[in-house]
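Each of the two complexes below includes chain A, the first together with chain B, the second together with chain C.
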Partner chain A sequence: MLRLVGLVLWKDLVVEWRTREIVSTMLFFAVIVMLIFSFAFLSEGRASGDAVAGILWTAIAFSGTLGLSRAADRERDGDALRALLLSPAPRAALYLGKTAGIVIFMLATELVVAALSTILFGAALSAHAAELSGLLLLGTIGYAAIGGLFSLMLGRARSRDVLLAVVLYPIIVPVIIAGSKGTSSLLESIPDLAAARYWIKFLAVFDIVFVTLALWAFEPLIVERG
Partner chain B sequence: MKKMFVLTLSLAALGLLVSPWLILRAPQESTMGLVQKIFYYHVPTAMVDFLTIYLCGIASVAFLVKRSPRADALAVASAELAVVFGACTLWTGSMWARKAWGVWWTWDVRLTTFALCEMVFIGYLLVRSYGGPGSRGLAAALALFGCADVPLIYVSVSIWRTMHPQTTVVPNLVKPMAVPFWVAVFTMLMLYLALLLARLLHERNRTRVDELYVAAAEAGLEE
Partner chain C sequence: MFDHVTVEGVTKVYGRQRALGGVSLRLEAGRLCALLGPNGAGKSTLLGILSTLLRPTGGEVRFGSVQHRQAGRTLRGAIGLVAHESFLYGDLTGRENLRFFERLYGGGGRAQTLLSRVGLDEAADRPVRTYSRGMQQRLALARALCGQPRLLLLDEPFTGLDSSGVAALRTLLAELRDGGVILMLVTHDLAAAAELANHVVVLRRGKVAFDHAQSAPFARLDEVYAAHA
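What follows is the complex of A and B.
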């Protein structure tokens, strides 16, 4: 099972390494979102901790949607998803492999976006790198677990890009709230580590619930879609 | 099903005739006065909304497991009613908030949770309308995830200070207020069941028409 997850993930990483399409477009879009929001929230050259956390997580959410769409498009080209489904691999392995790929693409983008936040807004994100990493990793897993499932399901719908945002954003609201509140508690003048850890635990619970649900739902859904 | 529809619709009509009179006769609440009376419809619509949200979730799970068209019909009917009753709850709540708090909207725990639930079920209907092949399964997944999301949304927004009256108000109502309240709950429940049955009957007829259309085409009767 783990070997198959690894194979699907390796396939996605190799395709991305050769094209560099998903990460570069996500990164460009995330930076643009950050710049646009900075015009709205900067005051006297600085942004408050709340605003920086909000900008960071909004950029992650928006650019993530772009990555999800493109990752699903790749599986639609040449009916690659059907070919994957025809293989004797367990469906759960396909889902986990695709989700792991999306998580890695998003984390690569987040690394640059977080570094840019430190430079552009003077946010002390590196001071509590462990807590921030926990928030970003768990938030990304929750986002990708739901987004990966929905983006694959929307494969052939005409207005799939619009519908992805419609179905994804209301469900991932707790991730965005937890991520931005946790990050903002780290950026206070006296960082509130207890609050950050509370939101890390909250995201862990969210991930357990939704990865379990997505693993269960993937098989019946992909049979209908595939 | 038709008999049940007529019965529930009649009871709902009776309730809609009687409950305004009972609400008018109920004693006025000491601090809020007349504006508190919106509570008699606001709370029952919210209760029915939660009922229909979870019914949609259960029907969606049944559809994903068994691929039963009846479960799908129940899920889509419940989702449509979740949007209707959710909108009624938000609207009556907003009217009350305007008078009680001086604002149409505030980022309160329950208001935010309700608004996000409404968004999930509007999303459900959009997916059903524009999702293309496989949209039934995708919508079922959305309903299932939406139901699992409700407690998490509630916890995540509960860090904001709540101004909303506590739900403990309902069991502690004095009798002259409790009677019109429970009559209103019964009315809303009957109205909900009547609308649900009407929607299920419509879906059954639509399926029958589709089957007849296919049968006519196979028999060479189609032009």
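What follows is the complex of A and C.
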């Protein structure tokens, strides 16, 4: 099972290394979002912790949607998803491999976005790097777990890009709230580590629940059941 | 695994549209079944059901003793499908595509053999997006053979192939047929499929209009088609 997860992930990483399409698109969009917000929220060279956390997670959520769409497009081109589904590989392995790829692409974008937050807003993100990393990693896993499922499910829908946002955002609202609240608590003048850890635990539970649900729902949602 | 496939009274309905209206037939090892019919007759739908990617609305499909609804990993691994789309990754090379799918099927080490078999040795290390339609079609066939299928389903496999490609594919299909693989071939290129098929099924408006198997391949599929389609 793990070998097959790794195989699907390897395929996505090789294609991305050659095209640099998903990460560059996500980065471009995330940087634009950060720059636009920097004009609105910067005051005397700094922005409030709440604003920085909100901007950071807004950039992650919106750029993540682009990444999800493009990652699913790769399986649509040439209808390769059908070949994956036709293979004897466990469908769970296919789902986990695709999700792992999205997580890696999003984390790569988040590294740059976090660095940019420090530069643009003077946010002290490195002061509690472990807690921030926990929030970003767990938030990203939750986002990719649900987003990966929906983006593949909407495979042949005509307005799939619009539909993805419509079905995805209501469900990932808890991830965005937990991520931005947790990040905000780290950026207060006196960081509230207990609050940050609470939101990390919240995200961990969210991830367990939704990864389990997605694993269960992947096959009936993706494979045609007539 | 299985040496025959039985289709009994299979129906498929999409909304109000009935694609298949009670199709029954039997496919056997060592036979190449040409599935003929006009556009919209339900050929691709039947192929989708046989590939296990579509579920019939009614009726039953059995792969040997295994029912369609019980189709699991082992059964999926025994079915190969060449469809309209290539099922390939354009940014991977031909060799990488085959290695990837081989490993998905739990095997390995046959990529070079398959590339040679479909005549893509020289292009093996080029990205698939640089391939012509005919080359992609050849590679799609090699991909479908990755799992050494018992049942090979082909939807218009001659599309895009030049005359040497058609000849090579015909030779390969004849080898597979004589090697005991169950083959179903959907095509409008009746000349290319002639002398290959020893079982012909004609579908018309979702129903079987003609179904006949014989020991020798049909020499004139166009006559069968003209009489029944």
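Convention: the second predicted complex is superposed on the first by the 224 of 226 C-alpha atoms of A that agree within 3 Å, B and C clash if a C-alpha of one lies under 4 Å from a C-alpha of the other, contacts with A are read in each partner's own complex, and residues count from 1 in each chain.
Just so it is clear, a residue touches a chain if its C-beta (ideal position, glycine included) is under 8 Å from a C-beta of that chain, and two chains touch if they have at least 3 such contacts.
Just so it is clear, the structure is predicted and the values come from calculations on it, not from any experiment.
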Overlaying on chain A: chain B and chain C, fit or clash?
fit
If you stack the two complexes on chain A, which partner ends up touching A:210: first (chain B), second (chain C), both, or neither?
first
Chain B versus chain C as contact partner of A:186, first or second or both or neither:
neither
Can you pull out the angle centred on chain A between the C-alpha centres of chain B and chain C, to the nearest 10°?
90
One more residue to check, A:163. First (chain B), second (chain C), both or neither?
first
Partner chain(s) touched by A:87 [first = chain B, second = chain C, both, neither]:
second
Should A:113 be classified as contacting the first partner (chain B), the second (chain C), both, or neither?
neither
Which chain, chain B or chain C, is in touch with more residues of chain A?
B
After overlaying the two complexes, what is the shortest C-alpha distance between chain B and chain C, in Å?
5
If you lay the two complexes on top of each other, which residues of chain A touch chain B in one and chain C in the other?
224-225
Contacts from chain A onto chain B in the complex sit at residues 146, 149-150, 153-159, 162-163, 166-167, 169-171, 173-174, 177-178, 181, 202, 205-206, 209-210, 213, 217, 220-221, 224-225
Which residues of chain A touch chain C once you look at their complex with the stated criterion?
3-4, 7, 11, 14-15, 18-19, 74, 77-80, 82-90, 223-226
Seen from chain B, its contact residues with chain A in the complex are 64-65, 67, 116, 119-120, 123, 126-127, 130-138, 140-142, 144-146, 148-149, 152-153, 155-157, 159
Would you pull the chain C residues touching chain A in the complex into a rising list?
12, 48, 51-57, 73-74, 76-77, 79, 81, 83, 85-92, 96, 100-101, 103-106, 127, 143, 147
